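Heads up, the next two complexes both have subunit A, just with different partners, subunit B and then subunit C.
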Partner chain A sequence: MSPLLKNNPRFKVPGYLVGPILILIIAMTYGSLGSEYFLDPSSIIFNTGRYIEIGLLALALTFVIINGDIDLSVASTLAASAGVLAKLFESGVPIFWCCVASIFTGLVLGLINGLIVIKLGLPSLVVTLATLALYRGLTQVILGDGVVANYPENFVGFDQRLVIGGNPGLPAPLALFIVAAIIFYYILHRSNYGIKNIMSGSNPSSSNFSGISVDRVRLLAFALSGTVAGICAVMITSRLGSTISNVGLGLELLAITAVVLGGTDIFGGRGAISGTVVALFAIMAVREALVIQDINGQVQDAAIGLLLILTVLVPQIRSYYVEKRNRRKRFNEAQART
Partner chain B sequence: MGGFTINVLECKSVSKWYGDAAVLKSVDFDLAQNEIHAIVGENGAGKSTLVKIISGLVPVDVGTIKFEGSDRTFSNIREIQNSGVALIHQEPRLFPDLSVLENVCVDYQVRDGKSKRFNWKKAEGETKELLAQLGCSFSVHSPVKALSVADQQMVDMVSALRKKLKLLIVDEPTASLTPSEVARLFETIRKLNASGVAIIFIGHRLEEVLQLSDRITVLKDGEVVAVKKTSETTEDELIRLMVGRNISASSTDSKTSSGQTSLKVSNLESPGYVADVSFEVNRGEILGIGGLVGAGRSELLETIFGLRKRSAGEVISTKHGSIKKVKRAISSGIALVPEDRAHNGLFLNRSINENLVITNLKLTSRGGKRNFGKEREIGQELIEKFRVKLSSATQLVRELSGGNQQKVSLAKWLKQEIEILLIDEPSRGVDVGSKSEIHQFLNNSAKDGMSIIMVSSDMRELIELSHRIIVMRNGRIAGELSGSEISEEAVLRLASGLATAGKGH
Partner chain C sequence: MNKKHKALVPVLGMSLILTGVSASFMATSATAATKYKVTYIPKNLGNPYFDAIVGGFKKAGKKLGMTVKVVAPAQAGATDQIPFIEAAIQQRVDAIAISPNDANALCPTLKRAMKAGIVVLTVNGDTAVSCRQASITPVDFSVLGKYLVDQTASVIDGKGDWAFLSATSTAPDQNSWLAGAQEYIDGGGQPGLKLVDTVYGDDAPEKSATEAQALLAKYPNLKAINAPTTVGIAAAAQVLSTSPLKGKVQVTGLGTPNQMRQYIKDGTVKSFSLWDPGLQGQIAANLIVDIKTKNLNPKKGTKLKYKGVGPGKWKLGKGAVIIAGPPQEFNAKNIDKFDF
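Right after this comes the complex of A and B.
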């Protein structure tokens, strides 16, 4: 941390943001060495389009993970919702109602995840690993090998639209993400649901003893995650203009990476929306920088994986040494007493 | 059992401190080879610490321990395991998913002569033989978690017997056993003793102690107060020695309650823990609940609060009617301060303010939106009221001392109007200063009309604070004491099943 950040309380950066911010800065520097246009605002903004779905999924997942749960099935939920949208559209339902059905499908699939986890008391890791396969399989049953395309003109190209015109303008997906981030920030950090969410993850037993319905808090988080996946299904369909059964394949890993990289404790009880947002942009910067440096896709994935391990590991190592020092101090004090 | 000739074990002026607290103060203890020596004492008298030191699990601070004439010092766990001393805990320490045989073999290796392979066949044969000797009929292949606690203790015993056993220590083994299981256990212990194994037996139930032992050492507050031959003592004498002081119902006159019932519990039952419990509490009354560990006291509080499934019975608040769920309990002015504050009461990794606010969200927020100003205000008010010592309200609760943590655990309920306070072990792990502050708070609150139901294993606390005491045993009410009937002796008698009833039940 630079001395400016360290000593001036006004600029105090929370610990969980330090890692992602450093990654962001390094990636942007590295990218700008590859191309002078890398740091061009309009190119940055244009590039965000492909990451917004990941970002929205990550925002919702932040709640699930803070609870100490996980939802591996978000990308499959997205696919199933997109499948419902496509199938309904093919059979002549107006596109608006297709979108509503898509979001509703997401909500239902999220609730199914939550109900299985909570009512049957199964670990969410296992349940959503199963529904990851199940929902994807359903999508394949719905869509087969076919492609659904020919969506109406006014539906496709959502990402090409500008909310604020000009150069650089504000494209609709980014605007949506900003609004969503603010809303989610308020829910997590300024609402009763948010503090219940954090406390439930921090200590479920104490939460129950304090009159919080932990099960309901968890169920709501799963429902939220599903609903957002349904919304992302609409966005991705509009962006791509077509639907196939492997839509959004693997997005869950990037979304979870963003959440964990942003400092949310994978065991629950701690996390922040700002962390998820900064981490999302850090991931984006790393990937784009590697693209511009002409480094292939597999290496990009490897780089993200490595960064994730480092970010999670460094604070662990640090706390290990702090704990060790404290133990030695306590031991010495005890020795001095006798 | 005539004269005790050879002493297997001799402890001389053994002392042990945990932090600043002395748990054992210059304890002398000896044990003859053919002897069953019982140790009795109240909770916290130092019994378990003493046997842990003897078995080598805990190092001694001051004093010497001689086993078969030589000093007992160890450099690693294997030396302890091979020293011929085994400790059997109250709760068997086994691997629940492994089979009986695997559990027995965990720290004992049977090898085929030269070959390095583990000889399961031989191990199975030996284990079966030992089990047969102990009169056990379960299969060596059944997983340990499928066995009853009594059978699990037998497995523990067999693991101990696999080695050359010279001294067996049994720490409160009968707490969760049925009478016939106890009989079988005692028979086993006697058989072992007859075959030359010295026995140290820790027990809470004095009748059992008297039935089994040859000699009894009474510990109190970390000191040996008496060593008696079993044939020369009585239950009454032992209880007197354990208690050591006569503070029966010290300040009863100031203990008045209004006589208005505020909570009525009838025939409450929670499967496995609480059976057929009925009582009433008045406004302004402190109702103490005594009993041994595992008697179902904490579970009773949790059932009243709506945290545990109940299979029968009712909890009725005079003002708010029937109470079934936690939310309803809280909105009816009932609060529970649990025994295990780290697990059930507090959020150690969150700030003090968050811990205080979480039960007061209705007051600090509007339409689900938090108001940080109000949260700070209420947090500050509670912190000042309870004189919680802290560096800032955003400090993590983990960093507070036990006493201050307990204050937070209590304070979080007290912004709302609490009519009935359920408090479980109010001063466990709490320093003396905080303890007296908490006691003062409880007394004052009762004077102001609050009903308090307090579970406590601290006899002095129970007797000094309570207006009335219900003693529980095996999930049921063993008896009720009030006024001049209240004494440590009476509570102990009811708790250990020596007396059947005070009155009423």
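Right after this comes the complex of A and C.
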């Protein structure tokens, strides 16, 4: 190994990235061994389009989960926002204002989640499980069994547009995700809010004593997750060119999987944007490696489920061994002293 | 770099080498054994109706030198089929045949497939006309709506309350049949019947059974349930076969003979209908070869002739729609002649 790499702390791979990077590599290897068509750069880059909504939701959820909260309702929030967008469009509102309304709906629904959790002191798991059903039900009320389609040409197909042309080019969703990831990275790891966010999650009461308004930090995280769901509603509507009430069904599971796989502690206090980003691509690689080999939906779902269990389990096992090693080290040191 | 992560570097390197090697190996070993590669994407798996289409597709495909791959999502959600279409594009297949779960959401992806030079057909359900080259439907949809109403009338002697137990509320085929039925009723068809409700079992056995039970509880005067879906009719028949209402409430609709045989034998069901779903698969396979070899551009009025396949000849209707054949009624007298 080159001396540059050896003692340079900049090239150290953080522990939480090891798992997702391994999964990414294994999935890429498996995919390219199984299908000659897998390693096609332009296809791989284009196919990211379908995962960007999950990715954006996961970025926002990283903040919520670091606080020790969870938002299970993101996909339903997305659906309700998409429902508002669709209904307004149908009644003749210009598409731009429909999109604004969609994002605003997301913000409001996120705030409702946060306010119930914080003001009533209820566990976010229960509250957002309830709003998962509530917001989805709301969507069904708004849209009924109907389909809204015939969106304007310039609104539809945002995912098929290239920001940088060429082959492979840079499609709009991926570009947006990269920008979003950089922004979220700065917010979490470089801004005051990010520091407060991590502190609130790791020790809420001592954070409160040191002058951090933990409640406000948590509320902001819920608002963020709702707003991003509203943005994703616009994206998914543009991508599909139509809206029905079951839009985005089950996306929350993939988004939460990405966050947890990326090393964010499900109990709060620890997490990193880089982890979420790498984990998203790992999940994508797994899915794409399976689908290109004509493996059916059920197996794909099972694989993602297995991944989720492993991601929760592996850090636990790892910390168990780290703890054990430290203990042995202390024991040896103590023995050496005597 | 600390000790733990040192291990990662060789692993990473090895994998990259492995990937490279495998990619180049695969590229040289890819010699086409058959003439055409086709991917068929049914709505979901574990549905005997679609298994029959697959059977027909593969049977005809084998004769024509075609490999037919069948892939499907776990759920019948609107967007669940998109990854499979995109994988087929990536695999550079010659044709994609799909039974769409949604008439609109798949359009952008299907258009992308056509732009890549892939033949796109819809089978047993349709999207917008601009999203595929031709569509194969089992029967005439508008006639089928009327057929379902008349079928219901025939099992309850033309009088009484009845309800529809449909699949998903967004399934284009189901919706067009229900619309056709409503049109016929509104036009004064079967005035003795009263359609009291339409419920959706989402083509899931559990949910369909629950919806059927709810119908029985909600409408004490209910005389018949018509389920124009193979999952729904079997679930409804199963509910009634163990209910005190067996024989008092009739179940009819569209089902496969193998699924419904026991309910015909035990008297729960008088009659039901279907067509040969496999026929659609056979037509699709033949049509793909025609488009590929003869540069056929399917449109209204195009005539097709395939020997030994169902009625043998077809004329394409408006929007390049092919009607596979007429419906077939099954009852206690003839059910043992069919096996699918």
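The rule is short, and it goes like this: the second predicted complex is superposed on the first by the 310 of 338 C-alpha atoms of A that agree within 3 Å, B and C clash if a C-alpha of one lies under 4 Å from a C-alpha of the other, contacts with A are read in each partner's own complex, and residues count from 1 in each chain.
To be clear about the criterion, contacts are C-beta pairs under 8 Å (C-beta built on N, C-alpha and C of every residue); 3 or more make two chains touch, one makes a residue touch a chain.
Note that the coordinates shown come from a computational prediction; the quantities given were computed from them, not determined experimentally.
After superposition onto subunit A, partners subunit B and subunit C are found to sit side by side with no clash. In the superposed model, A:I266 lies in contact with neither subunit B nor subunit C. Residue contacts after overlaying the shared chain place A:S202 against subunit B, while subunit C stays out of touching range. Of the two partner chains, subunit B is the only one that A:N192 touches; subunit C does not reach it.
In the superposed model, A:L129 makes contact with neither subunit B nor subunit C.
In the superposed model, A:V93 lies in contact with neither subunit B nor subunit C.
Comparing subunit B with subunit C, the partner in contact with more residues of subunit A is C.
In the superposition on chain A, A:I26 makes contact with subunit C only, while subunit B stays out of contact range. Once the two complexes are laid over each other on the shared chain, residue contacts for A:G211 go to subunit B alone; subunit C is not touched. In the superposed pair of complexes, A:L115 makes contact with neither subunit B nor subunit C. Of all Cα pairs linking subunit B with subunit C in the superposition, the shortest spans 16 Å. The interface of subunit A with subunit B does not overlap its interface with subunit C at any residue. For subunit C in complex with subunit A, the touching residues are 1-2, 4-6, 8-9, 11-12, 15, 18-19, 22-23, 26-27, 29-30, 39, 44-45, 69, 71-75, 77-80, 82-84, 86-87, 89-92, 102-105, 107-108, 112, 169-170, 200.
Contact residues on subunit B toward subunit A in their complex (touch as defined above): 17, 19-20, 61, 305, 307, 326-327, 329-330, 336, 338, 343-350, 354, 357-359, 361, 365, 368-370, 412. The part of subunit A that touches subunit C in the complex is made up of residues 1, 5-7, 11-13, 15, 18, 21-22, 25-26, 28-29, 32-33, 35-40, 43, 46-47, 50, 145, 147, 149, 156-157, 159-160, 239-242, 244, 246-247, 249-250, 287-288, 291-292, 294-298, 300-301.
Residues 190-196, 198-199, 202-203, 205-213, 269-270, 334, 337-338 of subunit A are the ones touching subunit B in the complex.
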